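What follows is subunit A paired twice: with subunit B in the first complex and subunit C in the second.
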Partner chain A sequence: MAQPPIPQTRPPQLRRAVTPWGSFSWGYSDVGADIFIGLGLVLAAAAGASNVAFLFAGIVYVCIGLAYTELAAAYPFAGGGPYFVLRGLGDVFGFIAGWAVLLDFTIDITIFAWSCIDYSSQLLPMLVGSAHPWVHFLAVLGLIVALCFLNVMGVRESTAFNGIVAGIDVLSETAILCFGFLFAFRPELLIHTMQASWPSPYHLMLGTSLAIISFVGLESISQAAQETYRPASVIPRTSVALILTILIFALAYSNLALGMQPWHPILDAHGHHLQFWQIFPHDQDNQGKAVALLAAQVPYWGALASLYVPVLGAILLLISSNSGVFGSSRIAYSMSRADLLPSIFQRIHARFRTPAVSIFAFCGLAAVTLMFAALPSLFPRAMSLYVRLFHGESGLDFLADLYAFGAATSYSFVFVALIALRLVDPFSPRKFKIPVNWPVRFRGENTGIPIIGIFGFIGIFSILVFTLMTHPIGRIAGPAWLALGFILYLIYRRHRGLPLFRSQKHDWQRHQMEILRTSGDLELLDQYTANLKAAAERKKAGA
Partner chain B sequence: MTLIGALAALVVAISIGTTFWWMLHPPDSFVERRAKEAVSELERMVGSIIVVFTPEIASGHMMALAAKLARGERSDLLALYVIEMPYTLPPDAEMPTEERAALDELGAAETIAKSNGISIRTEILKARSTKQAVLDIAKRERANLLIVGDHREGRYVGAPLSRTIEEIAADAKCDVLIGVEGKHGTILIGEPPPGAEASDQVRER
Partner chain C sequence: MLMLRAGFAAGFVVFGSIVVVRLLAFAPQAGFKIVPGVVLGLAMIGLGVHRIALIVRRLRNADA
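For the complex of A and B:
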């Protein structure tokens, strides 16, 4: 018998080299930066109930995190949320979820670049937005353009660099919180603030919908799943650790901020003493750099922290902004490969081998959103238009609106996909399964509906409703973005002769076997094959 | 400082620390358990290593491997050269040519060990039976691993394991690693890749 020819080259594939710490830092570099933006915005909106807003958003976030953990461990494939929705709900919903995530990543580029400059302004006063709006605008725009060209040239921050920054930041934030609670926290002040400054229901909803942006970015771990070593074992741990770390930080910061006795007295224009949280309402400059301001008010450690926290925050925010550039181009590329977006998004730069068209397209969109956000500060006459259309929201609020809308929409779809995948694919081994399930029988197979998933969906959907009710920009621009995308999707599918409202045929079983074969957890492949075989035998016996 | 503040600080520090410890210690998979077993087995195997040379057994290439192994595992390394004495001569008769060859081999072995930063002991032994001498030394040294090269008596005729090597491998109480050179490195070099011939033929047609 003739020997079959041996291939002379191996097909290119993503190398599984990301360790548990690498996986954590990959997620942390994205979601860890959110508190640097979210804290100031939530304190400004929800005042004495900021900790409650963070708690509600945190509970929803835990549910989201558990859903992502189960899905990323079961389907360790690059693509994250849109991929899960594509598998669970088909092409149309896969597109909508992916398009919402693209909005999030595009805003991610702008909002983090904006906040990076805000943190830098703590040490470089010429960058303060209210005093020098044009300098601030040009600095943010320059950062976006620089990140765009760096990504086109294929220069990325390394996982090792991410790991070092994440490690330093976790230690630093823990130190700030420990020193803060030890030397500046007054429980009676916290209770007084919560009683005296409890917000209206409208502002509590606003604060809650803004608090969710402090938890956006967990999907970075699932996007790196294909490069993670033994993803089924490692991802549950890194995801849960990330969920807990961010939740602890968010709850601790909000409680500390409300009950903090500042190290140095804070005075208003009339010389009256202010509580720490009172410096945020109506001051966008302070909202953009809340953690640096809090760190500077921590006794003893604050002397050092006031020098390095702005730098550390700026670096972390820059990494997050870069992950927006990288993530949006990567998602557009994978959506294009799945025939959800035109093939132009797959076009690779001849010299640098990067998806240059996607990078330019989404950085261009980020620059456009920056212009909309900065317009009233650059041209004060435009403010009247913003007052009429958007209740006067601009700057960081403008970006946060869209960010919250994109996150709430895509997370809502992920919960539905989680439940759908439990029903249509009970065969894939789930090394991590969300606890508390309602046993059901579907198409002859025993499975379970995740109760926490249902609660999570209700929670995130209510945050989506809060966002639509309280954010004029999110209410107008968010749905407009989805509608525009859906029209483009229909035109593209019609042009390609693909089904408009139905899905193309996908061989998910073969695809799943290939994923598990390369994942390093070969027991899961055995289990999956055995599950399929047993199901086929049951079907045969039934027939 | 308040009691509640101190407790909150303690809770933050402990919960962050515990979370990270738990995250960085995921359970081993089946293949990882297998790999760990193999590594611990190797540690047991290479506590004391003897590299065997004789005029007929060429172990020079294995000496380099033994040195790297010994360095990694901090093993005790002995290079042993056995000169087999014919029964026609007294057991301690002088054999200048063989002894000179032994000094060359062991000198090279010491150089390899030195370049790898490890210490080595060398020994030349005259014996009636190579196999018995090697097994006796292995017993004396409580060796965990014997390393032998391939058989090269005169012209290489394609049988890399002589009776001596087979007997050592059969009777040794410890592990034996035999290194056979792949036809002196000629394998695959210069051979056309599979399928190239066929495509050439198609082109010729």
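For the complex of A and C:
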């Protein structure tokens, strides 16, 4: 993430071979899986206002997506949010943002592996968490261990595989939603549900903070940037499609879930008819596989969907869990290269040439969070402790708490970095610029403050506040994770004799030229050089 | 392939319009509660129009 020293012989570079569809599918396989987890949790928390929770989080997500698109197209380097924050705000904030992303990626490993087993349980009842907690726990742990060793050996799903799964999933979800809206959606039922089951402000805030987890994974846009040919042209095109597709699916599922007339009657224990969304509150098994349950209730297509959606969902969730292993190890590796983390995270396995220490460290951490999440179901006596300390949150809630906290924290920093980079680096050509800007003059250069960025920051910051207010575990474990990391950062920097609260010297201009040169966007490199020259001449003339 | 993609994009526009129209019919009694559904319809229309614009641009470039 920091600029690498420019050596005499050029080091091996990532090959730029990702096509527009590859770029889309890379992002989709990361973000697209989130709704498979988020839907059930939000329906359980926000009830009749679930679609409002998704709308609020979705609007914030559109702002975040636009920010990532601008930054990834301007700085096509595989460092993601922490890299943008490091460039815009310096080492300390770069570390905090990176540490928050590491929390997210670690939880990502556990929560997606957990949900992958939940979706599989739709076809394999012996994996149902409430009935067989030990089998469920061991299956999730087995997945994490398997992903860990596959990543150490360097086996990773290819872009082509991602593309096929993403393509099938987009078609499948489109079919489910088309059949659902054509044959089962009743607008009058949606309005009735919203009026009759409107939640308390507390639950609406809880639902909104959970809805943001349906939109996590935009790091992949910038991760893919370094392997995309001419990223400044391709990324804005694919990002807009990705942002709209994810937003549509999230809003469509939530509206459909609230206004759907189930194909088969759903009855409670006393034989009373239930609406579809009512099967989620207080049922952790259902929350973990909401999309599969909804698909099965869609007329006509549901007969087929009930068989393949659990499998498709499990595959997509497994890919996302794997991207957590891959992402956490790579971000720790790049943070270590930037002197933000100890050099042990740079250690490469002698045979497989992968960052094995990072992979083992974060998979180990994921296993620890899994144990904490599964504790109440494995040992019912531990439940009383959870009830006393954490309002009796379930395992999936615990993971979602931390996931929402990490996402809201890192996204908040990205918005600030976006605004800071507009001010401190007006020279980098931005082929995609967020619309609606307030023109300002800063250090003698004309630039613009993105108004949408400011609104986005207010939105994501309010979601961060909702998370702290409504998540009993998130408000303790999230800040504790940041505080612990910051203490380790200070100890490490002191040990290395590096500035504690200031940044090291970075030659960002040289680094930017290297990025643009390798990206294939040579006209942007010319433009950048011309901008720098013109600024130097203006400065000279002014002096 | 391009025609298939154009068909999908047009489908999104039509489907989005249907969702908007169906929900707007309930505007008088539902008020702001139709907003999430209307935004869904508008996002569908937006995605369809975005895809169609890309296809048209590609066809124009091919002609040039």
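Observations on the structure shown:
One rule holds for everything that comes next: the second predicted complex is superposed on the first by the 532 of 543 C-alpha atoms of A that agree within 3 Å, B and C clash if a C-alpha of one lies under 4 Å from a C-alpha of the other, contacts with A are read in each partner's own complex, and residues count from 1 in each chain.
The rule is short, and it goes like this: contacts are C-beta pairs under 8 Å (C-beta built on N, C-alpha and C of every residue); 3 or more make two chains touch, one makes a residue touch a chain.
Bear in mind the structure is a predicted one, so any value in this text is a computation, not a measurement.
For the composite obtained by overlaying on subunit A, subunit B and subunit C cannot both be accommodated without a clash. In the overlay built on the shared chain, the residue A:L55 is in contact with subunit C alone; subunit B does not reach it. The partner of subunit A that touches more of its residues, comparing subunit B with subunit C, is B.
Once the two complexes are laid over each other on the shared chain, residue contacts for A:P187 go to subunit B and to subunit C alike. In the superposed model, A:V42 lies in contact with neither subunit B nor subunit C. By the touch criterion stated above, A:C178 is placed in contact with subunit B and with subunit C alike.
In the superposition on chain A, A:I248 contacts both subunit B and subunit C. In the superposition on chain A, no contact is made by A:A290 with either subunit B or subunit C. In the superposition on chain A, contact is made by A:R230 with subunit B only, not with subunit C. Within subunit A, the residues touching subunit B in one complex and subunit C in the other are 178, 181, 187, 237, 240-241, 244-245, 248, 252, 255.
Here subunit A touches subunit C in the complex through residues 51-52, 54-55, 58, 178, 181, 187-188, 190-191, 194-195, 237, 240-241, 244-245, 247-248, 251-252, 254-255, going by the rule given at the top. The part of subunit A that touches subunit B in the complex is made up of residues 3, 5-6, 8, 20-21, 24, 170, 174, 177-187, 230, 233-234, 237-238, 240-241, 244-245, 248, 252, 255, 520-523. Listing the residues of subunit C that touch subunit A in their complex gives 15, 18-19, 22-23, 25-26, 29-30, 33-37, 39-40, 43-44, 46-47, 50-51, 54.
Subunit B makes touch with subunit A in their complex at residues 1-2, 4-6, 8-9, 12-13, 15-16, 19-20, 22-24, 26-27, 29-32, 193-195.
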